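If you scroll down you'll find the structure; I have some questions about it.
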Amino acid sequence: MKLLVINPNISGDVTDLIESEARRSIRSGTELTMATAPFGVAYIETRAEAQIGGYAAMQIAAECHADHDAVVVAAFGDPGLSALREILRIPVVGMTEAALVSACQVGSRFSVIAISQRIQAWYRETIAACGFSDRLASIRALDEPLAHIGRIQEDQGERLVALAERAVQDDGADVLILAGAPLAGLARSVASRLPVPALDGVTCALHQAQALVDLGAAPPTAGSFALPPEKPCKGLPVALARLVGRDIARSVTPVG
Amino acid sequence: MKLLVINPNISGDVTDLIESEARRSIRSGTELTMATAPFGVAYIETRAEAQIGGYAAMQIAAECHADHDAVVVAAFGDPGLSALREILRIPVVGMTEAALVSACQVGSRFSVIAISQRIQAWYRETIAACGFSDRLASIRALDEPLAHIGRIQEDQGERLVALAERAVQDDGADVLILAGAPLAGLARSVASRLPVPALDGVTCALHQAQALVDLGAAPPTAGSFALPPEKPCKGLPVALARLVGRDIARSVTPVG
Amino acid sequence: MKLLVINPNISGDVTDLIESEARRSIRSGTELTMATAPFGVAYIETRAEAQIGGYAAMQIAAECHADHDAVVVAAFGDPGLSALREILRIPVVGMTEAALVSACQVGSRFSVIAISQRIQAWYRETIAACGFSDRLASIRALDEPLAHIGRIQEDQGERLVALAERAVQDDGADVLILAGAPLAGLARSVASRLPVPALDGVTCALHQAQALVDLGAAPPTAGSFALPPEKPCKGLPVALARLVGRDIARSVTPVG
Amino acid sequence: MKLLVINPNISGDVTDLIESEARRSIRSGTELTMATAPFGVAYIETRAEAQIGGYAAMQIAAECHADHDAVVVAAFGDPGLSALREILRIPVVGMTEAALVSACQVGSRFSVIAISQRIQAWYRETIAACGFSDRLASIRALDEPLAHIGRIQEDQGERLVALAERAVQDDGADVLILAGAPLAGLARSVASRLPVPALDGVTCALHQAQALVDLGAAPPTAGSFALPPEKPCKGLPVALARLVGRDIARSVTPVG
Amino acid sequence: MKLLVINPNISGDVTDLIESEARRSIRSGTELTMATAPFGVAYIETRAEAQIGGYAAMQIAAECHADHDAVVVAAFGDPGLSALREILRIPVVGMTEAALVSACQVGSRFSVIAISQRIQAWYRETIAACGFSDRLASIRALDEPLAHIGRIQEDQGERLVALAERAVQDDGADVLILAGAPLAGLARSVASRLPVPALDGVTCALHQAQALVDLGAAPPTAGSFALPPEKPCKGLPVALARLVGRDIARSVTPVG
Amino acid sequence: MKLLVINPNISGDVTDLIESEARRSIRSGTELTMATAPFGVAYIETRAEAQIGGYAAMQIAAECHADHDAVVVAAFGDPGLSALREILRIPVVGMTEAALVSACQVGSRFSVIAISQRIQAWYRETIAACGFSDRLASIRALDEPLAHIGRIQEDQGERLVALAERAVQDDGADVLILAGAPLAGLARSVASRLPVPALDGVTCALHQAQALVDLGAAPPTAGSFALPPEKPCKGLPVALARLVGRDIARSVTPVG
């Protein structure tokens, strides 16, 4: 099984974190291709950054998905997730959605531990769009400037654990989601200190990707995830144009 | 990995169907223990039957879960699912919930194809309790007496496919869930005739069980899925009394 | 009018509390039959215990309902309520549901005062299943070990009143539900100290049972509360087997 | 026990229908005072008419509630219901709410049978405001001009039964609410022809009123149903001014 | 363009506040007619007062709307709003609804700053009825007796600003609604001190009224906002009787 | 007042339609700048196309918004809307949201008339994300291949009117939204043939944009629509990089 893992942001060190945790998670025999966004921002905190990251994910997926069995979008908030599901004919998994469906099978209500105050609105809206608002006990977030996105766990580990403990104690969380690719691996390293299961988005995403590949469901030819109806397009990167507008000659000038 | 698969009903031939499909689904190295309810009804169509089946599932799980890595409740409607999650310290997966979380990662809205008119209310309430009502496009069900619960696929296969087609065409389903243990395997056998992915509850449950075991989250010592507080009990089967009331001598008379 | 009041738990002293309060509530001419579960736990705090209590309630009801005009399930959380409604042809009332529908006719938002921290998740899910989550102002609960389930009112009365006051002051409750059979009678004894109406589940249940008997609606022969379709069953107590599987000879061995 | 039954509309013959059915429903010892709106419309089909009827109900209640134990608002849609609950210190029951809480204790989903197409929007919004939308299977309504509001049952009885049958068959109703004061008594007269329980709003309201009086909850001095804070008022009928603005001399000119 | 602005309460000084702020908001060429309720209360805090104010708004609108292009109901809680929309053939705008739709186009979640503790329940129910509960971050309210309804801004300005700041800081509000006609103009005067947009209900209502007049949609002849079906009425003020019961001679005695 | 109207798609003839209808709608003194996406697809039917269009809208807005008072995103589905609201300091209006808030002030429930079967899922999800699902009576859509996106009104006008009539008659719509920029102007041309108000998204958006500019709310410095926290970015067009990553030298290579 071969999985394409997309970091929709430009931070190579976060891609390394994701890869490191992903390699611990996968079954033997599963291969990974890692991809980092060629354009965009360091990490996604806002709707605007998610809009950029989602488009970056589409470009990467269009260019790199061939010969893979599934795609993982490795940023919390799942930028571009449903767009990718429409244009690819293989399973596409998002970190948030995978963590949510895992959390729901482990407990009733979950809390999300996040890296910044600002990021909470975007997380809340993502969780709502996935349909899990009723099970959200709380989002608790760091309230410190992030000196280095690739080193949050070292810099803020204790604070993150303290937020997690309060989510269980005060908010009634049955499960914790330590959210965001920059926290990849933290759930594992602090699990023994927390009184409820702590989930890692990257790990959940990899396991769900494997499960969906195993499931082997055929891609749809009807419904809202059939390929988009063909239509004129222009100015899209060639690989993306092939998927969206498909055989249309106009689509060759890379503009973006 | 060793999984305990519980049929909370008394139909041995349905257990065989479940086992047959489960064995196709699991990874090499995964072992299965099958268990059939010693008391109860032939299959669950109603809340009353689910109440009985849920209690049967608790008894079976209490007696048989030792040495297993996860438990699968193999009846649509997931009788006893959250009860089992409270008293066992290993992952517990339900057919319905597993199918729902799989469906959500494949499409936006799903339809459920069911074996009888009466069963629809129970399914609708289960889906609501899982929190997925907003994504339910429709439930469509057979309207024929069920001559033999172990042979519905042979007897009613064409009718079931026709219901599935209407769910896609008229109700806007992106995904189909062919629901109920008696339909185990049908999704696979008719997949090529359906225009959207068709999911089998047994298969989804097995894949989710493997994913949750792989995830390896520690059991909770806080929150609403920690072990129930100890309290007096009586008249419960010994194995169950040990889990629920734990060390209490009074609990030895098997009454039921 | 003759009402069967079922305590789905094994605590005889709680049954006594229920009976005492019930006898104050009923109209002259209403007769009560009290029944205590022959198996199960001392009181229900969790989903697992409710699953057991629900099955116990089914057995008691099957054995004892004859010659009664209605059944009351006298445990908060209403274990087995909808199951009983399917198999009996007389009204079945639950303490929680009766308290909720009464509360809604008295105010807009209600708070529930509960006997333990752990019980809150189960109460929250019951209220959600009844469809009243939007009107729930808060659940506030004791945070002390319960020395003796039959003497909570004496031991914790002041703490319970303090919780109730905070629910009104801080959470915006228009009505209070003092929840759980072990609190039967407390609403009456502390009413004069509380600034909003305080409801007792047992009392509400008795009044609703009388109202439903007076209403005299015919039992359904269609819809999801018609009798479950006949099907094979085995290993059920005889009385229950008659209701669920009805005329099937196989159902005679009492196993449970 | 003495109940004030308010018809918030001007139709004396509908008041007679209500009274006739109410007298069949009440327990011996319960007395009724009937009141018909001195101003307003013949029956309520719209939000505008409900706004008028609600104000009429306030005036009648203010003038007539003394010496009564509870008030019943006897028009579907419950015009003025929560307003009355704020200004009176006795229980106030609405036909719709009483029918809804009764229906919920009899089945899971209900349908409403209504007297005109136009009335459906107002009913739907009332049910939503009561918080029961999720349990509404359907509203089905006559599509004929109403020649005489006091004789709908005679004129349209068969059509109403046919609508009820379709609600059970096609919409999945477990219970039927035959809605609107002009249908008072119909549930009783056609019950034997319908396969699920059929509820009469007047009867439900009377039974709930008796249950709430029996419950004897003290009126609130806090929360949102305490008496409205005193404030200047003018131009209100004296009795209403006393309740709303209380001791304010300015309130004496009856203007309306 | 000519707009009728109705204060459904009797406070002339609040009407002056509304007018003053309205005149700052309107475009040149827009004319205003101000109307104050001839009967009712000083300001609306409760459901009961809203019921009265809504009926007063209907009477004023019936008498004064001729020759106007739209009507504005200038009390938070929008008393009578949907009733007016049914009986008038010109746009009708409510302060609350206009503020809510404006807030939603400026941010994701909003808080409401209110003048009294008691008023919160009525505001919460209004926001729910408008369908915006999910976007409500909080309601924060003064907890002081209101000495003079026309001078709250002077008396309580600093406290209101402090509440607004907490709503942003602690509750996650993206937008603030300074609610209630007595606060007309406050948003403008304190805007520079608040870190998120602060909306004034009167101003929002005037702008939405102008936008709806510009939109020029034809009044409905079908659906639930077509004119109510003609029916007998009596005792209504002549102008209102003409709109509700229309040509019916009985409707001439002004009673109210 | 100067408004930037962005067509996030590449169809110049649709931009012309939008402009033509927009010029009819605006007040004298309002100036328009029209912009068409330099890359993307002909029109948006799917989530994938919306992801592309949203990014295109961000690029256009970044480059062209200077000296404008507000921005209008002129495609149904509002691609990029909340992203733009985060990075611009002027009001941003979306066609869908503007139509929805207008519809809600005109009636209670609305139907959307759409140009293709496939587009319905994307519309439904947009309406849900805006929070208006409960008011959606139906979406009805053409089921014909679209020969020329700029000429749908001529080619399919009668079919669209027929769909609208069915939405009123069968689905209970109080208001119609004729959705999608390619239908700009249709509401006006067919209004007289429809029994309920028919809204045009472009017109609604222009009126809301004017209203929001008139409202003059200050841009936020807190909350989730303050400018995104500064962070490294790369590969973004210069104008967009300035808004998102702001002063970062790395952001100069246009990649996209």
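A, B, C, D, E and F are the chain letters, set down in written order, and residue numbers restart from 1 in every chain.
The working rule: a contact is a pair of C-beta atoms (placed from the backbone, for glycine too) under 8 Å apart; a residue touches a chain by one contact, two chains touch by 3 or more.
This structure is a prediction, so every number in the text was calculated from the model and none was measured.
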Shared interface numbering between chain E and chain D [over half = same, under half = different]: same
Between A-F and B-D, the pair with more C-beta contacts: A-F
Between chain C and chain B, distance of the C-alpha-averaged centres to the nearest whole Å: 28
Chain centre separation (chain C, chain E; CA means) in Å: 44
Residues within chain A bordering two or more other chains: 82, 85, 108-109, 120-121, 125, 134, 172, 174, 223-224, 226
Chain contact graph, described as a line, ring, star, complete graph or other shape: other
All pairs of touching chains, each written as two labels joined by a dash: A-B, A-C, A-E, A-F, B-C, B-D, B-F, C-D, C-E, D-E, D-F, E-F
Sites on chain A touched by chain C in the complex: 108-109, 134, 172, 174
Residue ranges of chain F touching chain B (in the complex, touch as defined): 120-121, 125, 128
Contact footprint of chain D on chain C as seen in their complex: 25, 27, 82, 85, 91, 93, 97-98, 101-102, 104-109, 130-132, 134-135, 168-169, 172-175, 191-192, 194-199, 203-204, 207-208, 210-212, 214-215, 217-226
Residues of chain E touching chain D in the complex: 10-11, 38-43, 45-52, 54-55, 58-59, 80, 82-87, 116, 118, 120-122, 125, 129, 149, 224, 226, 228-229, 231-237, 240, 243-245, 254-256
